[in-house]
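Shared between the two complexes below is subunit A, which has subunit B as its partner in the first and subunit C in the second.
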Partner chain A sequence: MRLKSEQIIIVLIVALPAIFAVLTGGRFLSTYNVSILMERFAIFMLVSLGGTFVIVMGSLDISYTGVFNLAGYMTAIYAAQYGPLAIIVGLCVGLLFGGINGLLFTKARIPSLLVTLGTLGVSQGIVNYVGGGEAMWGLPVGGRLDFLLPYIFPNLPEKGITLFAWAVAATLLCFFIARFTKFGLHTYAIGSNEEAARLAGINVDRHRTMVFVLSALLAALAGILNVPYAENATAGAASGLLFITLATIVMGGTPLSGGRGGPHRTIIGVYILVVLLDGLTMMGVGTVELQVIEGIVLILAMLSVIRGSKTTQITT
Partner chain B sequence: MQSSEHLLEMREITKAYAGFRVLDRLSLNLRRNEIMSIVGQNGAGKSTLMKILCGAIPFDSGEILLNNRPIRPKDPHHAEELGISMVYQEGGLIPDLRVYEYLFLGNEDRFGRSLQRKKMKEDAKGILDYLHIAADPDTYLRDLSAATAKMMEVARSFSTIEIAEKSGSQKTTPIIILDEPTAALSLEEKQSLFKRLEEMRSRATFLFISHVTSEVLRVSDRVCVLRDGKKVGSFDLHDTHLTEEALHQLIVGKVRGEDYYSTKLSKFQEAVNKEAVLRVNNLSKERLYQGVTFDVHKGEILGLYGTLGSGKTEIGKTIAGILKQDEGYIEKDGKRLELSSLSERAESGIGYLSGSHEEQLFPLWSISRNISLPSLDRMLSTFFRVIGFLDPSKEDELAKVMVKKLDVKPPDIGKPSGELSGGNKQKIVLARWLAKNTDVLILVNPTAGVDVGTREELYELFREMAGEGRCLVLISDDLDEVIGLSDRILAIEYGRISKSFGEEDIRKLREKEGAVAL
Partner chain C sequence: MKHPKNNSQRYFPYIMNAVLIVGLVVIFGSLNANYLSAFSLRLIVRNLAINLIVSIGLTFTILEGSLDLSVAEVYALSAITTVLYEPIIGPLVLVVSVCLGLACGLANSLIMIKGRIPSFIATIGTMMIVRGIAMWLSGGWFIIMSAKTMNPVFAALTIGELIPGVANYILWSVMIFGISIIVCFRTRLGRRIYAVGSNYTAARISGIDIGRHQVMAFMVCSVLAAIAGVLVASRSEGASIGLDTNILLPAISAVVVGGTSITGGQGGPHRTLIGTLALTMLVNGLNMTEVNIYLQQVIYGIVVILGIALTIDRKKLKFIR
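Showing the complex of A and B:
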């Protein structure tokens, strides 16, 4: 009997935590570890949402870790001077880079993978330049951005829980945008058949630009929220997330060829990866080994998607 | 057994996809050293036939005999061993290779591990001489003219067959399939290609696929016409004099007997007043059409007719915003339209419908969503419109109205559009534009691949839409269709308007019923 990928996913969702709980003697499901899981889930989810839209559209955006870092860092710098208003600076970083990505992709016709590889370099370079050595160690922000992560659940005085609430809200919003708005439908339409979308009168270039802007805005939001959560801004806050996020999106069920999947599928991918990585860490697997495992997971995710769909061509 | 005059015989070849016969008991034979053309509309079965021959797909029943021995090509490599090779329409060339490298691409093993370049060049020269191609094996492909480059693909087919045969057993006249080899060539390049094909005929048998009737008549010894997966006939051009127009009619077939001519002209003529909705001014595009000027009035069906390759389709595509003109402009309601912007056209009320619905529909999406896609602005939810939420019930409501109006079968708006028949898919695209209140429709071969019954329904709908004051530009390879529906016809020849037929002329044409008078 051949298992369908849907069935494998359901088994993984239930079995992974159970296996880790047994292997760690219950520590995996302790209140403390569950809160850790939720925080990591929140960060991964916030970072993956924008990329999901881009992949549904049949393109790729890998500039988000740079935008994440730059938006977070700029917000931290300006927070010292302007307080809460500094988040505007962070969001503008997203707007700017999203716009650049979109325009270079649609007007200059550079493949999206290459465009965003370039802007990834530029945004990351700016953080390193502006921050200098300080950015390596982290720029403390004190409590200036704490208003972003209020203690909304009095019984759970953890910033991580509020971050989780942010992630849930953002995910819900993205899900509804993808499923129930013109913006969302146009994104799916372009991803499944660009030519048909054009012939149906969709302004494909403009829409693509808008999706890149949305993607970068979400990355910037994640970067900004990460600052009060981590209590400082570092140049490399998100750098380790680059490939793992691609893996979560694809593993969740959004194929690189576009047109299918969506934010609700990314939840599954993030869940499985967070549980897997956390469980392995608890079992004593080191960071270096984890990197290798992340890479293997990414490849396996791609394989499963390519095997599952008839079109193996990756449109970037 | 004595050797027959036929090199290759295909007997009653049938191929079906999901019960639909794309090739229906097709029999065809090839003689040695001839150029045989296969012509037919999109979907007639040409490409299926080619793919079967070169081993890309298997056939369901029938048999293929090569030199009187049954063969069944398993894959393209096997076909090459048997002596059959295909030159694809595009994509075969690698501009950064030299001629000799290209000719043996994939077969370098013959020249040892370290590639004896000298031997490669000599062998390449040998092949080129054998085929009368004057080119230096050292040249880069990118430096060749388009026609010579095409010949290189043919030469590569030769070398591949030759090498494949050496590893196999018997030698035979190679069969080379040319899939629309002239598609990317200019007029002079075409001439040069034809000349060389004739020179090469003593070395091989060619199967020539083309859309352009004049080329087919110019270059082939025999022509085989396919329609709907069946052979309409094959003609030896040395015995039969076939005019371009006659061949064209064989390809598109006649719509017999239907009395759509009899519909009272005046009924939809009434709606025509002299208000020009669409104005095309001095439109030109290099190699495709020149100085095209015409108006389309409210409630009018304007037919554009010309042979395959005349440029009529491209004119339609330019109006729809798919192609960009080099010169001239298009006005709608007195407003000049931007260059090549489909979304602007859709917003200003110009819709496009072509015979190939696979490029227009989203097969996995429901009928309802396929219809509402361009009109989503009107589908917003009453309460959450500010954040752009759609109300699926509004989409369904619209779809229901449209499905009823156009009599889509089955009328199940939740059904994925990919499961509908060709004619009903066309209705969905039409419904999409009607729902958007489009007042100019560009129809390009709107009934291609649609069965006769549904075709009639579509004609009725077109007339109705004109009656409601929309203007339709009908571009079709089917002369009867153009004569039967149009209020005015422009004949297109070599990218120019050569003649205009008014109401009276058309009435006469209709009386002659399908007379080929253009």
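Showing the complex of A and C:
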């Protein structure tokens, strides 16, 4: 089963762009569309990285879209007064919500899905409240945060390329953390066997809180970077990404049961999803149909990965 | 039926809700003299009625130990089909909606059971699919119907007043509440749903067909959400995909605040009634004291967390994930 899904993934990676290239008469691989693909990849990747750590640990964090929106919006507001220093506000939002998530999860002992469902409502409510009706239309930020996305590649003047560079850097960092640090090792240990991790002397509660903080910080970073990229801040900037990111993480090969997978696997999931959605859009599939397809992809992703994993009882 | 360790644990949700309701009456009553006026109370009952139907449905899946996150979308889709097809087939839209609910519940539970996927993930998948269908059918618009041109039988069923001054959707709510109480406490189905929720392994060993009861619980949940959708479309004379935004979190909050444990097997529709009442009174109070609608979302988030923290049965969760 394991080997089979690996093979399917390799085939998908090669075949999907090839199929779309043929079906769209080569337009799919045009420079313009590849740059679009890279931008979308960057956004999805930045949003999915934090969640990957939490899922490797065996928990779930669905508050990231709220944190993304709130961090982006707050940064945009404060950028008007304090300029570059405003990103500190955005990162503090991440720190705060990550801390709240982690503490409610470990100290109040509430399942992480429900904790983060609650904090999702809280963070999204705050950004809606702060923004009022304006937030729906977007808060223009001018060029105040453009220093985050400098034109590092003179020959490629697109902001999206710099965003892609950010995503690559963040992914490499996360991969390094996951694979080569004690922090990463402990995350995998807790995910594969909590009791064993505890007996091995890992401070499980503290580590979990830290992973939730990391997740929220990454979500906040994505939210902040999205502001200069989109050139405005809206209250619902990331809301459409809420559940599809779960699909990218799981599809890549990080099962919800925890202990396996990691940021490097999420690259695969994000790649397949971005290619699929972009290719379908180019073929003229509407947003409504895409939504249905996203739902089906999510279920299929879960089916392909969860089968044969260690969960015995299927409940919340 | 159940044998709680002690009475304080058993009565805790009631005490908590009583304190909450009394507190709300005192706070909002002093802030706004009209809080306890007949008009305000009628408003509370009106708003309570339809939310209660959705929350009771959700209670069944939570009792059984799962979570259905697709209720809001089923509710919106059912409202949309009601507006679209009521002019053509009249009161038969109720049948359409019930079938819709049955199909969604069946899909949810089969994906969960056959695919061995946790229920909240399976229902997120169907939620996205149902939402797509609802968008497609409504074209993303707010579509309207009029009480004046409504099929008379359909109008009588939903917004007519069998008892003068009490719209029939309130009677629907009362009836559904009554039936759900009977199902929960006087039938084998209800008893077994509790058994599955309170101890999955024990239920399986004692020969209960777990899958069947999970399917039933999910079907009840989706059908009730669909019926609520019909009633809300008829009451507000229109529907849109936007109906889904303010249902899921309030419904989950109502269930857990009422004292039905998210871990399953504890609680029931009677507690959900109390939870829904407390939350409806809270929302009504917030509206009457002109609290920003977005702040209410924040308050809901906090209420969900508090409700779960206070009612969850931690003994059942060896590991909290």
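As a convention for this text, the second predicted complex is superposed on the first by the 306 of 316 C-alpha atoms of A that agree within 3 Å, B and C clash if a C-alpha of one lies under 4 Å from a C-alpha of the other, contacts with A are read in each partner's own complex, and residues count from 1 in each chain.
Everything that follows uses one rule, which is that a contact is a pair of C-beta atoms (placed from the backbone, for glycine too) under 8 Å apart; a residue touches a chain by one contact, two chains touch by 3 or more.
Here the structure is a predicted model, which means the values were calculated and not measured.
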Request  = Please indicate which partner A:181 is in contact with in the superposed arrangement: first for subunit B, second for subunit C, both, or neither.
outcome  = first
Chosen between subunit B and subunit C, the partner touching more subunit A residues is C
Q) Looking at the overlay, what does A:189 touch: subunit B (first), subunit C (second), both, or neither? A) first
- [ ] With the two complexes superposed on chain A, say which partner A:199 touches: subunit B (first), subunit C (second), both, or neither.
- [x] first
Check your understanding: So, A:246: does it touch subunit B (first), subunit C (second), both, or neither?
Key -> second
**Asked** Does the superposition put A:125 against subunit B (first), subunit C (second), both, or neither?
**Response** second
By the touch definition at the top of the document, which applies to A:147: first (subunit B), second (subunit C), both, or neither?
neither
Residue overlap on subunit A between the subunit B interface and the subunit C interface 195
In the complex, the residues of subunit B that touch subunit A are 322, 341-347, 352, 359-362, 364, 369, 373-374, 376-377, 379-380, 387-390, 392, 432, 436
Counting only contacts in the complex, subunit A reaches subunit C at residues 58-60, 104-105, 108-115, 117-126, 128-129, 132, 194-195, 243, 246, 256, 258, 287-296, 298-299, 302-303, 306-307, 311, 313-316
Subunit C contacts subunit A in the complex at 65-67, 111-113, 115-122, 124-133, 135-136, 140, 200-201, 249, 252, 262-264, 292, 294-302, 304-305, 308-309, 312, 314, 317, 319-321
Contacts from subunit A onto subunit B in the complex sit at residues 176-177, 180-183, 185-186, 189, 192-193, 195-196, 198-204, 206
